[in-house]
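Heads up, there are several structures right after this.
You will see two complexes here that share chain A, one where it goes with chain B and one where it goes with chain C.
This part shows the complex of A and B:
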């Protein structure tokens, strides 16, 4: 969160962190990825890393997104198509008109979840939207330095005759609000789809185990399913744009009585911005708990946990067993879907409000 | 043959190539947090070496921090220990820390 906010993150850089979701920075055209503790030591000691070059994949999404479909839905859709292992060994470039039309916040959400399909990371070529975001931030280059940097950044795109090891094409119009039903982010469906059936050597045992953990069955739809918790936060969806969308939607509405709903800004800067815009008041009046910044209920490492057996619609990035607390059942979704769920107390199609 | 976006950025950071095809990549920015850094700092201490580029390293506490009453001490012992360790390590090794109470602090990287 703070890298982009401070202008530390700039196109063409290499950025690492001992955190899988470092790939978020790829939205700026940087090579950014998570590393293990021993590699953290290597970088601290040498500022370098010994690595094998990953393979190259490009994912193109072209066309117009439906109303109510967000960047989170794009990435959940891609992962549901490629599976949680579909990107293993690759570094992904996201391209196409539907990606180009996204804000920096939306692009960060996409790149953030690259790791959830096994990829080393994901990136998007920088453009005017990127330059405008970076310009003027605390650690961004200033004056002629910025112009020089921008001239270099403008050369960072894939040449027409560049070769990829793998390439995929998707249409934005096919994407609907997405939800996960299982215990990895690849187990996702569109809101109107039923949970699929998996048989034989396709991994039936682990599929059944996942559904059993989630208390769901093949053929079920998630639409209308009652929910206990809603978590809006994490490095995937806790930027000011996310909070604005949620606040705009819930203004004048009330969180359902059966739902415990929480909004956790990704950084202190986002929190302050939200407060200066009065979003905290809108959210609080609607019945959301507006918290201080942190990773919070994304990962069950702190005090914010979901109780065993309870369902949580979450804007975070992982729905692994126990991720939000022992026995907690996580359903990943966009901030708008999470907001609508909080209001109705059950999973709804956000598009019915639009 | 043209290059991909990835190749342009990667190639600009290759410092050396070693036998077997692995490459040494220069890192522009290293972000660290309380959960995956304590053993790495201890490793440096054991080997008696410094952080090579402290000005290229930026630390924050985010994973374990509570989202209520951040002005109070962290209740969970392990979480508190990890955050305290990060503060100590940054101090000892000259790394800038955006910690609890600072105006800007990350949820993540």
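This part shows the complex of A and C:
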């Protein structure tokens, strides 16, 4: 969250951190990936990291997104197509007109979830949208230094004849609001799809175990499913743009009585910004709990947990068993889908409001 | 780091796919500053009820199964980069994990902590699960120098890939920092030539 906000994250950098969602910084055209504690020690002691060269994958999304479909839906859709292990061993470049048209916030959401398909990192070539975002931030280069930096950043794109080990093409029009139904982010469906059936030895047992944990069955649709919790937050979707979208949607509406809904800004800066724009008031009046900045219910490390057996529509990145608390049932979705669910108390298609 | 060269042990079977690091060690147990003691919370929520009584049907609570080799379904260790996942397996007494596919970060973390991830083909993995089902005491022999894994009951052998550098580290108990510092001059020369 704060690297980009402060202008510390700049195109062309190599960024590592002991957090698998370090891939978020890839949105700026950086090589950014998560490492383990021993590797952090390695970097601090030697300024180097021993790695084997990853394979290259490009994912192209072209066309116009439907109204109400956000970058979160794009990445959940991609992961549902490639599975939770489909990117293992690769670094990904996201390309295509639908990606180019995204804001930096939207791009960060995409790159953030690269690891959810097993890829260490995902990146997007920097362009004018990137430069405009970085310019003027606290640690960004100033004056002629900025012009020089920008000239260099403008060279950071894949050549026309670049070769990738794997390449995928998707149409933006095919993507609908997405939801997960299982216990890994690859288990996702479009809102109007039914939960699929899986057969075949080991895969079938794991699939059944996941559905059993979620209290769902093959053939079910998630549309209309009652929900107990809504969590809007995490490094995937808690930037100011996310909070503005949610506030705009819930303004004048009320959270359903059966739902416990919270909004957790990703950083102090986002929290302060939201307060200065009056978003906290709109959210509180609508019945959301507006919390202190942090990771919160994304991984249940503090008291923000979802009770066992209860359903939570969450804008975070992992629907693993127990991720939001022992027994908690997580359904991943976009901030708009989460907001609409909070208002109705059950899963709805955000597009009916638009 | 403890050396690992030859190992002969019975196995603990976990025929589940996509076992993520939140299952291996839930986030609420990450608040420690040393690598020791994580074993008691390994697979915490699969292993214990919320009142801390053991779940009878989980494999680690079944005394028939024991040993220092964990055999798991594909895409083992997916999810977060927490190295605690490798530490908790190691602390529990696991030295080798056999699967048909490992998540990237976990694989690196394991190797950096003397825990050997062995990737085998699906057929061998299925065969191994079957042999363990037939006889929970079946012995599996792992040789790091030969890069082989052998099921003693049927004699089936597979060789496995292992980065030559990591192999050296495992056999000798080296770590990456020792190696990098030994070539510090070359690194500085490279850096100088690029700036």
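Side notes on the structure shown:
Here is the rule we go by: the second predicted complex is superposed on the first by the 352 of 354 C-alpha atoms of A that agree within 3 Å, B and C clash if a C-alpha of one lies under 4 Å from a C-alpha of the other, contacts with A are read in each partner's own complex, and residues count from 1 in each chain.
Rule of thumb we're sticking to: a contact is a pair of C-beta atoms (placed from the backbone, for glycine too) under 8 Å apart; a residue touches a chain by one contact, two chains touch by 3 or more.
Note that the structure is predicted; figures quoted are calculated from it, not measured.
With chain A as the common reference, the superposed partners chain B and chain C fit together side by side. With both structures placed on the common chain, the touch criterion links A:191 to neither chain B nor chain C.
In the superposed model, more residues of chain A are touched by B than by the other of chain B and chain C. Contact with chain B, but none with chain C, is seen for A:56 once the two complexes are overlaid on the shared chain.
Touch criterion met: A:46 reaches chain B and chain C at once.
In the superposition on chain A, contact of A:347 is made with neither chain B nor chain C. For the combined arrangement built by superposing the two complexes, chain A sits at the apex of an angle of 60 degrees to chain B and chain C, based on C-alpha centres and given in steps of 10. In the superposition on chain A, contact of A:246 is made with neither chain B nor chain C.
Residue contacts after overlaying the shared chain place A:38 against chain B and chain C alike.
Of the two partner chains placed around the shared chain by superposition, chain B and chain C are both touched by A:18.
By the document's definition of touching, neither partner reaches A:232: not chain B, not chain C.
This overlay, made by fitting chain A, leaves chain B and chain C with a least C-alpha separation of 5 Å. Applying the stated touch rule to the two superposed structures, the overlap between the chain B and chain C interfaces on chain A comprises residues 18-19, 36-38, 41, 45-48, 50, 52, 299, 301.
Contact residues on chain B toward chain A in their complex (touch as defined above): 1-10, 12-13, 15, 18, 21-33, 35-37, 39-41, 43-44, 47, 49, 51-53, 56-58, 60, 62-68, 70, 75-76, 79, 93, 98, 102-109. Of all residues in chain A, those touching chain C in their complex are 18-20, 34-39, 41-42, 45-48, 50, 52, 84-85, 88-89, 115, 118-120, 183-184, 186, 201-203, 205-206, 209, 299-301, 308, 318, 320-323, 326-327.
Chain contact summary for the complex, chain A toward chain B: residues 1-3, 5-6, 8-9, 12-19, 21-22, 24-25, 29-32, 36-38, 40-41, 43-53, 56, 58, 91, 93, 123, 125, 155-164, 233-235, 238, 264-269, 272, 291-296, 299, 301-304. On the side of chain C, the complex with chain A involves touching residues 15-18, 20, 22-23, 26-28, 30-31, 45, 50, 73-75, 78-84, 86, 101, 103-105, 108-109, 112-113, 126, 163, 165, 175-177, 179-181, 184, 187.
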